[in-house]
Amino acid sequence: MVPISTLHYLIVAAALFVLGVVGVLTRRNLVVILMSIELILNAVNLNLVAFSRMWGNLHGQVFSIFITADAAAEAAAGLGILIAFFRNKETVNVDEIDLLKW
Amino acid sequence: MTLSDENAANIVAGTTQDHVSGNDSPKTYLDSNELIINMGPQHPATHGVLRVILKLDGERVLGTECVIGYLHRGVEKIAENRTYAMFNPYVDRMDYVAAVSNGLGYCEAVEKLLNVEAPARAKYIRVILAELNRIASHQLWLGTHALDIGAMTPLFYTFRDREEILKIFEKYCGARLTTHAFRIGGCLYETYAGFEKEVKNFVKFVTPKIDEYEALLTGNRIWMERTKNVGVISGPDCIALGVTGPVLRASGVQWDVRKAQPYAAYSEFEFEIPVGTTGDTYDRYLVRMSEMRQSLRIIEQAVNGLPEGPIMAKVPKVIKPPVGEIYHSIESPKGELGYFIVSDGTTQPYRLRVRPPSFVNLQALDVMVRGLLVADVVAVIGTIDIVLGEVDR
Amino acid sequence: MNSAINATNATMAPVATPYFFYGLATLAIVSAFLVITRRNVVHSALALIVTLLSVAGLYLMLYAPFVAGVQIIVYAGGVMVLFLFVIMLVNIDRSYKEKRFSGLWPIGLAAASALFTLFLFAFIKGRALFPDRMMLLPESSNTQQIAGLLYGDAGKMGQYTFAFEIASLLLLVAILAAVVMTKKRA
Amino acid sequence: MPDFVTSYLGSTLTPGEAGNQFWALVYVFVIFAGVSLAVMSMNWLERKALAHFQIRLGPMRTGPHGLLQPIADAIKLLLKEDIIPAGADRFVFWVAPLIGLLAAFTVYTVIPFGPSQAVSDMNIGILFMLGVSSLGVLGVVVAGWASNSNYPLIGALRSSAQMVSYEVAMGLAVVSAILMTSLNETGTGTLSMIGIVRAQQEQGVWFIFKFFPLGLIAFIVFAIAMVAETNRAPFDMAEAESELTAGYHTEYSGLRWSLFMLAEYAAMISVSSIAVTLWLGGWMRPFSRLLRGSAWDLIFSLFPAVTFMGLAAVAFVGVVRMPRRSDFKVQKIGLAVFGWLLGFIALMLLIIAIAGRSNGAAIPSTVNQSIGYIYWFLLKVAVFMYLFIWYRATWPRYRFDQLMRVGWKVLLPISLTVLVATAIVGILLS
């Protein structure tokens, strides 16, 4: 069996990334879109950690920790928007977010 | 199910009592969906078969609607087809936790209608048993109330001590719960040998036990947090809703039928009416605790002064009260228990209406729990101290 | 559990066997697929948790135990609970009956597959950029070294200390944003 | 015997460190069986202890003094009808108890029962423990949601909010203990569970007494937060029976319900293990500095045997006090057998303790030492288990908003202050 190299991880990460992109582009439910964004961020994290392993230093891992913090912040703010939105429109459907102001 | 959820929602939405002050519906946290929850009739904390429809915003109560009648047996209607003496045992089945008080109220009401007075000794025995029953009722209330709030242990302590009271009842009249201890015109049974001693022993036994309950709860931080400022009701609100008993007294209104309109032999004893200040759950707890102590005082005085003499007044074999109507009320452990009897001169009452304290006090639930949390509903139901047998009759 | 054990003793022998990699990678991708296709949002969230945990497993295989731990604590334990909480808070019975995908889904799918092709193209063309070597990272002092980069060593400021502080500010802003937005306007 | 079996026997490493997958598996199975057994006996002990708090006897009929009650319960739960509510999400309903159970049991991988008595010593041990145990909340949330019923949903929302909030205070308390591990020459601390105990060993003080009262306060914060984290009284909002009937597992029955119970008790044991490891010196015996020397070692090594002897004596007293009636014969014999079993274990431990003292003895002294480590660790955990029962018997239940207030406005500031104070004191003293 081929030993696992960085490329393997990159392909997995690319697959996760693309799945996340598909989720963001095609789904209508805001919650799922937020979750797809988490997928994208995770794919990036995986890349960074794989690169960290490749170069033998920890900078990639540090970056992935920053991204994790960023993802947590994004989730908190995103879900806050979601709740505010749901309160006004009684829906979590992005197609119906078509007003700049209400 | 008698009501669909939609119906329930409508009912809940329209239950603002106009005569009750300060009853604005509270602001909601989030505009999340309102939740309609059926608490009961099968629920561990509704003390039987009470069904409370709660309209919730998250956990905050926006409104309540009590659905009662699951235990309705038509006691008042039954009375119209029974002779006065035959109906006597039925009243025990209303507030089965305080059967003696029910019987006392009924017998005195009929006596008033007949214009008969029970002999002094009978009155004293009645007082002793009624006060013992008040303690038993409060003990049961304390145990279940504490259990509702999450303290498991007091329940077992109170049941252990309540057992001693039930033993005295059993020895006196053969029954523990639905005693049917009194008859119209006095008592059927003379006290058994050693009755005075046993009652005195009980007083000695239970005084430290009440301290024990208090040691577990009164100073307990969690208990105080759970009960202080929970289910607050003001004195005027209580009066407007007709709430009586410890609930009324905890709101600062000094009203006790035993003092206000003395019946039986209560005018001969010294006791105080414990009164609360804030009208919250904690005050009601304290009021009931000191009521138990006052009851012990009364019992002690009554046993020491138990007069000799007959226990039954002269009552005709067939009870046929004169035409007329009478209202007589006593202070049952739950509050003012009244009997309104209309006699048409026959052996059966034309109409008998019971004013059950639990039923009236239950009305205050909505006022008390608006804006509180689900957990408080349980605490407040416990603190009103209802017995569904009496609510539904 | 097994992968954890294996990763721990990786300093002794590289037991990060391909089987584990393929297993975890398949799990991650399959559940990621489920995330974006399930109609029920709770199912999506559960699938996402599986993805996150298998990615954490991959981190362990990459000698990054601290990142894996952070992944489990922050993502699986924190963010996902938040997601589930919100899903339950906003009652979304209505979305069952609605279409799952927006009307533009073919375009989205095409764009995404183009992106994936681009990735693969880049990987194959730029093969030289990604050497096959895998450095052995000191696993047993991973946390300490990350701490050195973040906080600095022996009185010296770390390389990322400032960025780290900024990140905390970001989190603070996010908290405030969440509170402001979810609070009801009076 | 195969090499991979014998090679590990004299090792002072955990199977994980030694890379020995066979022994790792053995440890996993031993721990799984041990935790299951502990949960069953906890079931019995809780009912008995609670009963005696409440002037009752507790289970008395199933076996002598109800000793077989857990087994009877288990059989009952296994045979009960498995009900899935009509509107429930079947898959999620099925998977929810497994999530909780898996999270509760996975944590045991890193719990150090002794310096080498752990499945693995991960570099991120405590982080792993906190992370994985926090996954348990997912099971709770999802169970409440999948039941498609209002009470479980409220229970699930309550407990998710509660567990997430208390994790913060808990984590900060843990960090202040980890900070104490860095007070050595190199200035670097550790997250490894074994490393934390080693640090206490090197510094010669349990962290509960370190920087008095800072360690103690952090410990108390943790001890409160862990009760909330495991959803036990007085913080048992999620399953508050008087309000929400049974909270998130209202709709569960039979085997699935018992999995929730198993997870709850396993989680109780695991959080107690964290507390013991972080603040109470893990496997170390008390006064390991103060009372040293071979004489003290001998005395302390006799403790396990003495404990079992005491238990055996209690059993025999029970035998003597049984009514002298023929229908109690089976119970009497059963209890006597149980007593003899305990006595036999005590004898074995005694033999090991005495015979294992010299290095050349038939039983290697490492066995004796290992028994000591495991004994002290489990004894400390048992104290916490008793506390859990005691709390339940004594206190009423907090209300949800009060619970959140305690978590955010009391415990969190305290633990933050302790953390900062620990850091300052640590810098000043080093």
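For clarity, chains are labelled A, B, C and D in written order, and residue numbers in each chain start from 1.
Here is the rule we use: a residue touches a chain if its C-beta (ideal position, glycine included) is under 8 Å from a C-beta of that chain, and two chains touch if they have at least 3 such contacts.
The structure displayed is predicted, hence computed values, not measured ones.
More C-beta pairs touch across one of A-C and C-D than the other; that pair is A-C. Comparing chain C-alpha centroids with the centroid of the full set of protein C-alpha atoms picks out D as the closest. Centres computed as Cα averages put chain A at a distance of 8 Å from chain C.
Measuring from the averaged C-alpha position of chain A to that of chain B gives a distance of 61 Å. For the pair chain C and chain D, the distance between C-alpha centroids works out to 31 Å.
Chain A and chain D, compared by their mean Cα positions, are separated by 37 Å.
For chain B, the set of residues that touch two or more other chains comprises 30-31.
Among all residues of chain D, none touch two or more other chains.
Each of residues 66, 70, 78, 82, 87, 89-90, 142, 182, 184 in chain C touches at least two other chains.
Those residues of chain D whose C-beta lies close enough to touch chain C in the complex are 15-19, 21, 24, 28, 89, 91-92, 95, 106, 109, 119-124, 127-128, 130-132, 134-135, 137-138, 141-142, 144-146, 153, 156-157, 160-161, 163-164, 167, 187-188, 190-191. Every residue of chain D that touches chain B in the complex is listed here, in rising order: 50, 53-56, 150-151, 154, 158, 233-234, 236-237, 240-245, 392-402. In the complex of the two chains, the chain A residues touching chain C come out as 1-12, 14-23, 25-29, 31-32, 34-36, 38-39, 42, 45-46, 49-50, 52-56, 58-59, 61-62, 64-66, 68-77, 79-84, 86-87, 91-95.
On the chain C side of its complex with chain D, the touching residues are 1, 4-5, 8-9, 12-13, 15, 40, 42-43, 46, 49, 65-66, 68-70, 72-73, 76-78, 80-82, 84-85, 87-89, 139-144, 147, 154. In the complex of the two chains, the chain B residues touching chain D come out as 35, 37, 43-45, 59, 146-153, 155-157, 160, 216-217, 220, 222-223, 225-226, 373-378.
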